[in-house]
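Across the two complexes that follow, chain A remains constant while its partner is chain B and subsequently chain C.
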Partner chain A sequence: MTGLFSYLVFFLILALIYAIMALGLNLQWGYTGLFNIGVVGFFAVGAYTFAILAASPMAGQFGGFNWPFILAIAGALVMSGIIALLVGIPTLRLREDYLAIATIGIAASIQLIANNYGWLTGGPQGIYNIPQPLSNYFSSNLGYNLFFLAMMVVIVGVVYYGLERMVNAPWGRVLMAIREDETAASSVGKNGFSYRLQSFVIGAMLMGLSGALYASFIKYISPTLFMPVLTFQVWAMLIVGGSGSNLGAIVGSVLVWALWTGSGTLVQSILPPGLQVKGGAVQIILIGLVLMLVLLFRPRGIMGERKAIAAERARSKISTG
Partner chain B sequence: MIAQYLADGIILGSSIALGAVGLTLTYNILNFANFSHGSLLSWGAYFAWVVVVAFSGVQGGTFGPLSFGWPFVAALVFSGVMTALLALVVDWLVFRILRKSNIQVALVIASFGASLLLRNLIVLVFGPEPQYYSDNIQIAQQILPGVRVTPDQIFVVVLSIVLVVVLHLFLTRTKLGKAMRATADNAALAQVSGINIHAIVRWTWVVGASLAAVAGVFFGLTVQILPDMGFNLVLFLFSAAILGGIGSIYGAILGGLVIGIASDLSVLFFSPAYKPAIAFAIMILVLLVRPSGILGEKAR
Partner chain C sequence: MMKKNLKKTLIASAIVGAMAIAPMGAQAACTTTVGSVMALTGSLGALGQAIAKGAELAVSTVNQAGGVNGCQLKLALLDDQTNPAVGVSAAKQLVDINHVSAIVGALSSGVSMAILTSVTAPSKVVQISPSSTSPSFTALAKQGKTGGYWFRTAPSDALQSVAMAKMAHDDGLKRVAVLYLKNPYGEGLAGEFQTYFKRMGGTITAAVPYNPKQPSYRSEVGSALQGKPQAVFLIGYPGDGTTVAREWVSAGGPQVFLLPDGLESQKFVDDVGAKYMKKVIGTAGGSVKTPSLTTFNNDFKAKYGELPTQAYMTNAYDAVMVIALAMEKGKGTSSAVVKDNIRKVTGTAGEAVYAGAAGFEKAKKLIKEGKPFHYVGTVGELNFDAYGDTSGPMAIWTVKGGKVEQTGMMSVKAINAVIKKY
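What follows is the complex of A and B.
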C-alpha cells in the first residue's frame, strides 16, 4: 500500500511540474495564438541553467556555483526569458507558422548544445548531484516527496492565480483581442508585436521554471530527457485539457501524464522482452492517436473556451477541403 | 579541402532541395507548415529498402561502377508510388477533416503529431537500427583535384537535376501543372475559373510526396537509412524553403543547395554535429533580413 501511495505522490509531483509547462503554453497558444513547438527547448534551458547554478563543483566542468535554490530558479527564469527574446524578436512580426519553425529549430539547437558542449552541460552524461531544496531536513524519501508535492501545489497555485489575474486584466483582454483580430486591436493603438513578445517571453519563463523544478526533483539531467516527444506531450496536455483555460491545462496535464505512465506500464507488461525497445514507440503512437481524436472530435478539449480558438483568424485558402 | 566540402554540400543539398520542393508546394497550395513532410522522406527510404531486400537474392548485377542494379530502380519507383499513397491516406484521415473545421493552426499541430506517429511506426515496423541499401563499400574516385566522390553520389546529383528539369516542364507545360500554380496563387480565383481544387490538393500530395520519397532514398543511399532521418532533416527542409521564399519552387532548389553547402562548409569551423544548428542560424538570419526569402514574392 505504501508502495502505491509513494508512487502516487511521485506521479503527482511530475504531473504538476508538467502542468507549469502546460500553463506557459496556454498563455502562449491558448490566449495569444502563438504556436510554440519548441516547448522542450525552454524546459531544457531552465533545467540546465538551474543545474549549472545550483550543483556543486565538478572536475573539468563549468558551473557548480552552489547557488541557493531560489536564486538558481531566478537564474533559470531569466535565461529562458532571454532565449525566448532571441527567438521571438525575429519571428513574431511574421506569419504564425514561422514562429513554429523557429521554435522547433531552437529546441533542436539546444539539444545539440546539450549533447556536444561537454564543458558546459556534461555532454551525453549530463549533470548529476543537483541539490533538492531542504532535503537534509527529511529522513525518509516519502516524507521529502510529500514536502515537494506540497511545494508544487503551492507553486502551481501561485502560477495559476497569477495567470488568471493577468488574463482577466486589461493586459489579457488585449492579448485575446490581438489573437482574434489584430487589425482591430491595432486600430485602437495596441501594438500586436509587443504584446505577443511579452506573452511569449512570460510563457517561456514558465517553461523554464518547470525545467528548473524538474532538474531539482529528479537530481539528474541528460540530453535524452529533452526529446521532441516532450513538446508533443505538453501539447497533448493542453489540447486535451482545453486550450484557453488555465484549469484545463492543469487537468489535462494530470490526465495525459496518467495516460502516458499507465500505457507505459501496460506496454511493459504486455510486450515480450524482445520488443520492449519498441514500447516507447507504442506509447507515442497511443498519445498521438488520443491527440488526433481530440483535435478531430472535441477541438476545444475538456474545459476549453466556449468559442473555437482563432476560428475567426482562419485564413485557409481552401475552406471547403 | 574546401572543394571537397563543397562537393559534399552539393550532394547533401540535392536531397534537401528535392525535399524542400515538396514542402514548399504543400505549404503554398495547402497553406500550412507540414511538419510531417520529413517523415515522408523516411518512409520513402524504407519503402525502397523493402524492395531492395526482397530482390537481394536475385543476381541482377550492378550498373557499371554504381552499387546497385535494376532492383534499386524498381525500388525507387515503388517508393515514390507508396509514399504518395501514404501522403494521400494521411491527408484523407487527418488533414482533410481539419481543413473543414477551419482552424488553420490545428493542421500544423496535427502535422507535428503525424510526424511523430509516422516516425514511431517506422521504429515499430522496421526497428530502430540503421539500414543500408548495399553492403558493398564504394571507393571514392578523384574527379577534380582534391575532390573525391563515389559513383552513387554522382548518380544522386545527376538524377536530382533531371527531376528538377522534369518538374519545371510539368509546372510550365502541362495543364495540371499550370492549374497547380494557379491554385497556389489564388485558390478562389482558380476555383471560379473551373479548376477542381480537390484534385489539385491530391496532385500536390502526390508530387510533393514522391519527390520526398526520392529525397529520402538519396539520403539513404549516400548516408544511411534511419527512422529519425526525416525528423532530423526537417529543419534543413524548412530552412531551405524559407531561404528560397515559401511557395517558390526554384527558390527551394536554390535554398536546398545553399543550406547543404553551408552546413557542410561549416564543418571547417564547427563540429559536424552542429550542421542542423547552422541551417537554423541561416534561417533566423533570413527571417530577420529578408523574410520573403531570395525568390519569394512578398511577405505573407
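What follows is the complex of A and C.
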C-alpha cells in the first residue's frame, strides 16, 4: 500500500510539472489562438538555464554557479522569457500555420544546440549535478517527494490563480477577441501584435518554469528528453483536458500522463511472457485509441464547456468565406 | 472472427500457463520479480526489443534450473519509449508497485542516468544497465552519488579508447583526425582516445563531431582533413558512418581507418568498398570466446529459432544472471543482498561457473557446499570495480580480403598496464 502511495506521489509531481506546461500552452493556444508546436524548446531553455545556474561546478563546463533554488528558478523564467521575446518579435507577425512551422523549427534548433554546445549544456552527456531544494532536510525518499509534491501543488495553484485573474480581466478579454477576430479587435484600437507577444512570452515563461522544476526533480537532463514527442504530449494534455480552460489543462495533464505511464503496467500484466517485448507497441496503440475516443465523444475536451476554438474558427471561416 | 480467435488464444495461453505453473506449484509457490526498463519503442525500439530477449532468455534459464531460492523468477519489463521522463516513471512503478529490488536497464545513457539520479539511487535499488557506456556514470559514482547501486555489464567507452590509442601508437601513426557521432557513445570514445593518444606523443589534427541523419557530411570531412592526418578514427554506426567514410575517401583522405565496435560490420565495409580501405585497425569490446557464449547462442536458438545478432543481448543476459546469482548467494531478494553479493559471484576467485541452466545449478551446488565461485559471463569475465564498471578484454579486428576478421585480443591486464603507464 505504501508502495502505491509512494508511486502516486511521484506520478503527481511529474503530472503537475507537465500541467504547468499545459497551462502555458493554454494561454497561448486556448486564449490567444497561437499555434505553438515548439513547446519543448522553451521547456529545454528553462531546464538548461536552471541546471547551469543551480548545479555545482564541473570540470570543462560553463556554469555550475551554485545559485539558490529560488534565484535559479527566477533565472530560468527570465531566460525563457527573453528567448520567447526574441522568437516572438519576428514570428508573431506570421499567422497560424506559419507560426507553427517557425516554432517547430526553433524547438529543433534548441535541441541541436543542447546536443552540440558541450561547453554550455554538457552536450550528449547532459548535466547531472543538479541539486534538489532542501533535500538535506529529509532522510526518506518518500518524505522528500511529499515535500516536493506540496511545493508543486502550491506552484500550480499560484499559476492557476494568476492565469484565471489575467484571463478574466480586460486583458484576457482582448486576447479572446484577438483569437476570435483580430481585425475586429484592432478596429477598436487594440494592438494585436503587442497582445499576442505578451501572451506568447508569458506562456513560454511557464514552459520554462516547468523545465526548471523538471531538472530540479529528476536531477539530470540530456538532449534525449527534448524531443518533439514532448510537445505532442503537452498538446494531447490540453486537448483532452479542454483547450480554453485552465482547470482543463491541469486535469488533462494528470489524465494523459496517467494514460501514458500507467498503460505500460496494464499492458505488461495482460500480455503473456512471450509477447512482453511487444508491450511497448501495444501501449502506444492504447494511448492512441484513448486519445481518439476522447476526441470522438468529447471533442471540446473533458472540461471544455466553453466555446472550442477550432469549432468557432471553422464557423467564422464559413461565414466570412 | 477476431473475437473467437482472441478467445481461443486466451484459453490456450491460460492452459499453457496453468501447465507451466502446475509442476512448479509443488516446489515453487513464490515468485521473485526482477524489473527491467528498456526502449521497446522510440528511436532505440528495434534494438531494445532484441536486447530484451536476452534478458528473458536468462529468466527462463534460471527457472529451468529451479528458480532463485526455490522461487520462480519473473521479469517485469516496461517500455521507456527512449524517453527519460517515461523511463523514470516506469522505473518508479517497478520499485513502488512491483517491489523489485533490481532493475535491468535502461539502454540509452540519457535514460539510464535519469533513472539512476531520480529513482534507483534515492530508493536504494540496484540498477544494472546492459548498454549504457557513457563515462558520466563513472564520474557520478566517484562522487558517491550512486550509493553503490549502479552497475553495468557493458564496459565504459574509456577502455576501448585506450586500446585504440595503443594500437594506433604501435602502428607508428603520429597524426590522427577524429570524426565522431555526436552522442554519448561517440563523445565518450573520442574524448578518451584524444587524451591517451596525446599522452603517447601523438597529435590529434582535428576532432570533428557530426550529427546523425544528415544527407551529406562534406563540411565535417573537410574540416577533419585539415592538418594532414595520416589516418582517421571514425566513430559511429553503419548508415551515417558509411556516408562519412565515402565522403572521406572521395575527398582524398588517407585510406587508413581506425574503427570502433559500432562499425565492426561487414555491411559497412561492403558499402564503403574494401578496396578504398587500405588499412583498418578495429577494436571491439567483450568478444572473448567463452563456453558461456556458446551456451547462450545455443539456448537462444532453441528458444527463439534464430541466432542472436544484436549487440548487448549478451550483456542483458549477464545482468539478469548476475542478479539471480547474487540473490541465491545472499539467500535473499532485497536490494542490499543483491548489491553486496554481485561482486561475490563475479570476478575471478574460486571455481568458474558458466551460463545456462547447468551453470546455474552448479552455482547453487557450490553455494550449498560453501565454496567460492565466479560466474563467467557471455561477454567474458565480469570484474565490477568500486564504481560498478566492468573491464573486459578488447578484441582487435581488421579487414582482410574484403572481410571483417578478428586478429587478436588485448587483455584487461594489458589495457590496465597502458592506463598506468600514461
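Here are some notes:
Note that in this section the second predicted complex is superposed on the first by the 275 of 321 C-alpha atoms of A that agree within 3 Å, B and C clash if a C-alpha of one lies under 4 Å from a C-alpha of the other, contacts with A are read in each partner's own complex, and residues count from 1 in each chain.
Everything that follows uses one rule, which is that a residue touches a chain if its C-beta (ideal position, glycine included) is under 8 Å from a C-beta of that chain, and two chains touch if they have at least 3 such contacts.
Being a predicted model, the structure only gives us computed values, none of them experimental.
In the superposition on chain A, A:Gly162 makes contact with neither chain B nor chain C. In the superposition on chain A, A:Ile285 makes contact with chain B only, not with chain C.
Once chain A of one complex is fitted onto chain A of the other, the partner contacts of A:Ile37 are limited to chain B, with no touch recorded for chain C. Judged by the touch definition given at the top, the superposed model places A:Thr91 against chain B, while chain C stays out of reach. Contacts of A:Gly64 after superposition: neither chain B nor chain C is touched. By the touch criterion defined above, A:Asn116 reaches both chain B and chain C. Looking at the shared chain after the overlay, A:Ala100 reaches chain B, while chain C stays out of its contact range.
Shared contact residues of chain A, touching chain B in one structure and chain C in the other: 112, 115-116, 229, 277-278, 280-281, 284.
Within the complex formed with chain B, the chain A residues making contact are 33, 35, 37, 90-91, 93-98, 100-102, 104-106, 108-109, 112-113, 115-116, 228-229, 232, 235, 239, 277-278, 280-282, 284-285, 288-289, 291-292, 295-296, 299, 308-311, 313-321. Looking at the complex, you find that chain A touches chain C at residues 3-4, 6-7, 10-11, 14, 112, 115-116, 118, 123-126, 128-129, 141, 144, 214, 217-220, 222-225, 227, 229-230, 260-261, 264-265, 268, 272-273, 276-281, 283-284.
Across the interface of their complex, chain A is touched by residues 13, 17, 39-42, 45, 48-49, 52-53, 56, 75-79, 81-86, 88-90, 92-93, 95-97, 99, 108-111, 113-114, 116-118, 122-123, 134-136, 139-140, 143, 182-184, 186-188, 209, 211 of chain C.
Contacts from chain B toward chain A in the complex involve residues 29-33, 35, 94-106, 108-110, 112-114, 116-117, 120-121, 123-124, 127-128, 187-188, 197, 201, 231, 234-235, 238-239, 242, 271, 273-274, 276-277, 280, 283-284, 287-288, 291, 299-300.
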